[in-house]
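In what follows, chain A forms one complex with chain B and a second complex with chain C.
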Partner chain A sequence: MVNKLIKEDTKMFLTGNEVLAYAANAAEADFMYGYPITPQNEIMHTWCKLLPKTEAGFLQTEDEISAGFSTIGGILAGRRAFTATAGPGNVIMQDAMSMAEMMRIPFVCAVMQRGGPSTATVIYAQQETTLTCFGGNGEGYRIVYSTAGHQDLFDYMIKAFNTAWKYKFPTFILADGYQGKMREPVMLYDPASRGITMEKTPAILRSGVSADMKANHIRNTFNLEEELMEELDKYEEEFNRIAPEIEEYEEYKADDAEILIIAHGIVARSAMTAIDELREKGIKAGLFRPITIRPLAVKPLRAACQRAKQILFTESANGQLARMVLEKIYGITTPYSTLYKMGVGVTGDDLVQKVESMVKTPAAI
Partner chain B sequence: MVQVLDLPPVLPNAQDEEAGASKFCPGCGHGMVLKTLAFAIDDLNIKDKTVFGCDIGCSLLSWNYMDVDSVQTHHGRTTPVIYGVTRANPEIIGIAYMGDGGGLAIGAQHLVNAAVRGEKMLAILVNNTNYGMTGGQMAPTTMPGQKTETTPYGRDCSVTGKPAKGAEMVSSIVDPEKTYVARATVSNLRALRKTFKKALNNVQQGGFSFVEVLSVCPLNWRTNNVDTWGRLKTMEEFFEVKEFVSREGLEG
Partner chain C sequence: MTRTKIALAGEGGQGVQSVAKILVEAGYETGKQVLYIPNFGVEQRGGVSIAFCQISDTKIGEPRYSKADIVIMLSDRAIDRCTTYIDENTTVVYDTSVCTKKPEVKCKKLIGVDANLIANTELSARVFNIIILGVLLEATHVLGLEDIKNAMEHALGKKFDAKPELRELNYKALERGMNLLKEKAGV
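Right after this comes the complex of A and B.
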C-alpha cells in the first residue's frame, strides 16, 4: 500500500506535471515506469522526490519501449502502475500500447504533447491527438481524456485509473507542455472525500499460485483470422456499449451560439476568452469542447452542430480533432471554417479575428 | 504378437500437461530446453512463485507450455515485461524466454540494461543461429559462412560483422557479485538442468541470471539428424560452453 499525501482539501500553486504526480498518488498509484523526454519530465521528478513519503516504486527505464512494456508488467503483477511520455516517445511506446489494447490491460499514460513530426519542438502542440487515439497497429480500443488545465489534470488523472481498471481499456491523459510547465492554482483532494472509490487492481500474473489453481496463460497471438475477428468484434461491441458511461464534454455559451467553436484541450480555454469578448460585441459565439476525444460524445456534439449557423474548428494541429468530429457529424450541413496553427498556440485574439471574419464572410464548406 | 507399451511420458510438474503435444517443429530444441527448465523449477520447488514470459518468434509457442502464470509479449519485449513484473512484486521469480533475435537484435537494449541494472530475473536466450519462425533469416548469431535466406551464399563476416556472443557480452557488463551467466547446450540436458538451477537460485538471492542455450533448427537448417548433431557440435566449438560468471556458493 502506498501512503497518500493529500488527506484533506489542499489548495496549491503547481505546474501541471507536478499536479499529475500528486494526482497519481491521490489515486493510490504505486509504481511509475518512465523515460525522460520533454515536456513531461517533472512528472517523474515530482514522483521521485515524493518517494520517501509515499513509499511507492519507480523505475527509470532504458527507453519508452521499455517504459511501456514494464508498465504492462507492473500492471499484470497487480500494481496500479502508470507511465508518461511525449512526442517521439509516444511513437515508440505505441508498441506496448497496442499490446495493452489486444490484451485488455488497464494501461494508464499521460501524454504531454510536443511539436512534430520528428524531434520538432519540445513544449507544445496538439499534434499527437490522432496518434494517442489511434496509434496502434490493428484496430484497438482506447479511452482518451483531453484536459484543459490543472484542475482537469488532477481530476482526470484520478479518473483515468478507475476508467482503465473498470473497463480494461488503455486510458490516456492527453495534455501538452503548456499545461505541464505552466503554474496554476489547483485544489488537491482525497478522492474518497468526493465519493470516489478506487477500483481494485487484482494481479493477472500471480505469485503464490496454489497447486489446485489453474495457471493463467495470456497471449496476444491468434492462430486463425476468424478467431481474431471474433475477439475484436467483442471488444467493439463492449466499447460501444460502455461509451455513453465514459463520454464527457463541456459546452460554453453553446445554447444559442450562431458560431460554434469546436476545440479541445488548452485551445478550448482560448476559445472561452474569445467567446466572452465576441459576446460583448454582440456576436453569438459558443464552444463545444470534447473532454473524451475517444469516445466522442456524439449525440450532444451533433445537437450543438445542428443548432449553430456556422462551425469553427480550431487546433494547434492541422485538423486532427476535426477529422474525428466530421466523421461523427455526417449528414449535418452546417458550414464550417478552420483555424489551424500546427504546433503553435491559438490565442483568444486569433479566434476573435477569425470569428469576426466569419460574420462578414460566412463559411462556405 | 506386438506388445504396445502404454506408459505416459514423465512430465515435470511445472509443465502444463493440458497443453498437449509440443507445437514446435519435429527435431526442434525448444521442447528440450523448456522441459529441462520445468524440471529445474520442480527441483527447486518454486513453481508457485514463478512467472514465465515468452517472446515472439518460435519461442512464443511456449505461451501455454509451463504450468505457471505466463505472458506472451512482443518481439524483443519479454525482458522489460518481466522486470516490470518483478520490480512490481519482488517475490516473483521472473523468467524471460527468447530467441537470439529477441535477445541480441530487436531486444538487445533491454538485455543490456537489465544486465547492467541487475534486474531480479532469469533471461534465457535460445541460440539456434537463425530466425526460425519467419523462415530462416540470418540472426546476430549466424555462423560465419552459414547459409540462411538472407545470406544465401553464406554469411560474409566482412559485410555483416562476426556472430554476436551473448554470454560474453552480458558477462562483461554485469556486477559479478550478483550475477550468474552461462552458456549451455541441448546436447547435454543434465548439465543444462544444473545450469538452470544455479541461474534460478541466483535469482532467488535477488540477482540477475542469463543463460544462453545452444539449440538446433533442423527445419531451417535443412539438416537430417546426423548433420543437425554435427552442426550443434560445430556451434559448441565456436560458442564456448561454460559458466562465465557465478557468485560463490551457488548450488546447481
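Right after this comes the complex of A and C.
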C-alpha cells in the first residue's frame, strides 16, 4: 500500500505534469515505469520527488519499448502501475499498448502530445490523437479521455485507473504540452471524499503452483485465423456494450447553437472563450466537446450536429478528431468548415474570426 | 476586460521564465485566476524563450491568445518572434541596451528601457530580470508591490535568508524597474 498525500481538499497552483503525479498517488497507484521525453518529464520528476513520502516505486527503463512492457509486467503482478510518454515515445510504445489490447491488460498511460512528425517540437500539438486512439497493429480496443486543463487531469487520471481495471481495456489520458507545462489552480482531493472507490487490482498472471491459486492463461498468440477472429469479435461486442457507460462529453451553449464548434482537449477551452465573445455579438455559437474520444458519445454528438445549421471542426492537428467524428455522423447533412493549425495552439480570436466568416459565407461541404 | 494578457520574451538564460513564475505566483496568492505557459525550444540554453501569462478576475478559457495587452521583448530575436502578438491595443516594452533595433510595430505605446545597462552598471547583472519584473508590474497595475515581494520571498526566500543583502538588491531592482517606467510615462 502506498501512502496517500492528499487527505483533504487542497487547492494548489501546479503544472499539469505535477497534477498527474499527485492524481496517480490519489488513485493509490503504486508503481510508475517511464522513459524521459519532453513535455512529460515532470510527471516522472514529481512522482520521484514524492517517493520518500508515498513509498511507491519507480523504474526508469532504457527506452519507451521497455517502459511499456515493464508497465505491463507490473500490472500482471497486480500493481496499479502506469506510465507516461509523448511524441516519438508514444510511437515506439505502441507495441506494448497493442499487447495490452490483445491480453486485456489494464494499462494506464498519460500522453502529453508534442509536435510531429518525428522530433518536431517539444511544445504542444493535438497530432497524437489518431495514434493514441488507434495506434496498435491489429484492431484492438482502448479508452481515451481527452482533458482540457488541470482539474480534468486530476479527475480523469483517477478515473483512468478505475476504467482500466474495471473493463480491462488499456486506458489513456490524452493531454498535451500546454497542459503539462502550464500552471493554473487546481483542487486536489481524496477520491473517497467524492464517493469514488478504487477498483481492486488482483494479480492477473497467476502461476497456479499452489492449490488455492488457479492458473490464469492469457494469450497474445493464436494459431488459427478463426481463433483470433473469435476473440476479437468478443472484444468488439464487449467494447460496444460497455461504451455507453464510459462515454463522456461536454456541451457549452450548444442547445440553440446555429454554429456548432466541435473540439477536444485544450482547444475546447479556446472555443468557449470565442463562444462568449460571439454570443455578445449576437452570433449563436456553441460547443460540443467529446471527453472520451474513444469511444465517442455518438448519440448526443449526432443530435447536436443535427440541430446546428453549420459545424466547425477545429484542432491543433490536420483533422484527426474530425475524421473520427465524420464517420460517426454519416447521413447528417449539416455543412461543415474547418480551422486546423498543425501543432499550433488555436486561440479564441482565431475562432471568432472563423465563425464570423462562416456567418457571412456559409460552409458548403 | 478583467483579463490581462502578457507575453514576456527574451533569450534563454535571461530569466524570463523565472520572472513569469514570480508574477503568476503573486497573482495566484492574491486569489486571481492565472494561467502561465512557458514556451521554448529543444535547447537547454539559448534560443528564444517566451512566457505567456494571463491574470484574470474570472475563469480563463483559452490557454494561448492571439494578441497580448503587454509584450516585453528583451532581444532582437524576441522582437522577431513576438511582433505577431502585438496590435493597436498592446503596450510594447523593449530593452534598448540589448536590442540593436527598434520594433517596427503599430501599437498603443512603445517604450524603450535600458534595464540591462542599469543592471550591469548600477546593480548586478543577476537582477536584470527583476528590473524587468518591476517594469512589468508598473505597466500592468494588476498586482501590488507587496504581492510581488511576497511571491519573491516564496521563490527566493532561502537564498535571501542565506544572504540578506540579496533581498535588498532584488527590492532595489524591482523599484528601479517600476521607476523606469514611471519616468518614461512622464515624458
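What we mean here is this: the second predicted complex is superposed on the first by the 354 of 365 C-alpha atoms of A that agree within 3 Å, B and C clash if a C-alpha of one lies under 4 Å from a C-alpha of the other, contacts with A are read in each partner's own complex, and residues count from 1 in each chain.
In this section, a residue touches a chain if its C-beta (ideal position, glycine included) is under 8 Å from a C-beta of that chain, and two chains touch if they have at least 3 such contacts.
Keep in mind it's a predicted model, so treat the numbers as computed, not measured.
Superposition of the two structures on chain A shows chain C fitting alongside chain B with no clash. Touch criterion not met for A:333: it reaches neither chain B nor chain C. By the document's definition of touching, of the two partners only chain C reaches A:270; chain B does not.
Contact with chain B, but none with chain C, is seen for A:215 once the two complexes are overlaid on the shared chain. More chain A residues lie in contact with B than with the other chain of the pair chain B and chain C. When the two structures are aligned on the shared chain, A:118 is found in touch with neither chain B nor chain C. Of the two partner chains placed by superposition, only chain B is touched by A:203; chain C is not.
The gap separating chain B from chain C at its narrowest, counted between C-alpha atoms of the superposed chains, is 25 angstrom. Chain A contributes residues 31, 33, 57, 59, 61-63, 65-66, 69-79, 81, 95-96, 99, 203-211, 215-221 to its touches with chain B in the complex. Looking at the complex, you find that chain A touches chain C at residues 13, 38, 119, 121-123, 178-179, 181-185, 266, 269-270, 272-274, 276, 345, 347-350. Across the complex, chain C meets chain A through its residues 21, 24-25, 28, 33-42, 60-67. The touching residues of chain B, when paired with chain A in their complex, are 16, 47-49, 51, 56, 60, 63-64, 66-74, 77, 80-89, 91-92, 109-110, 112-113.
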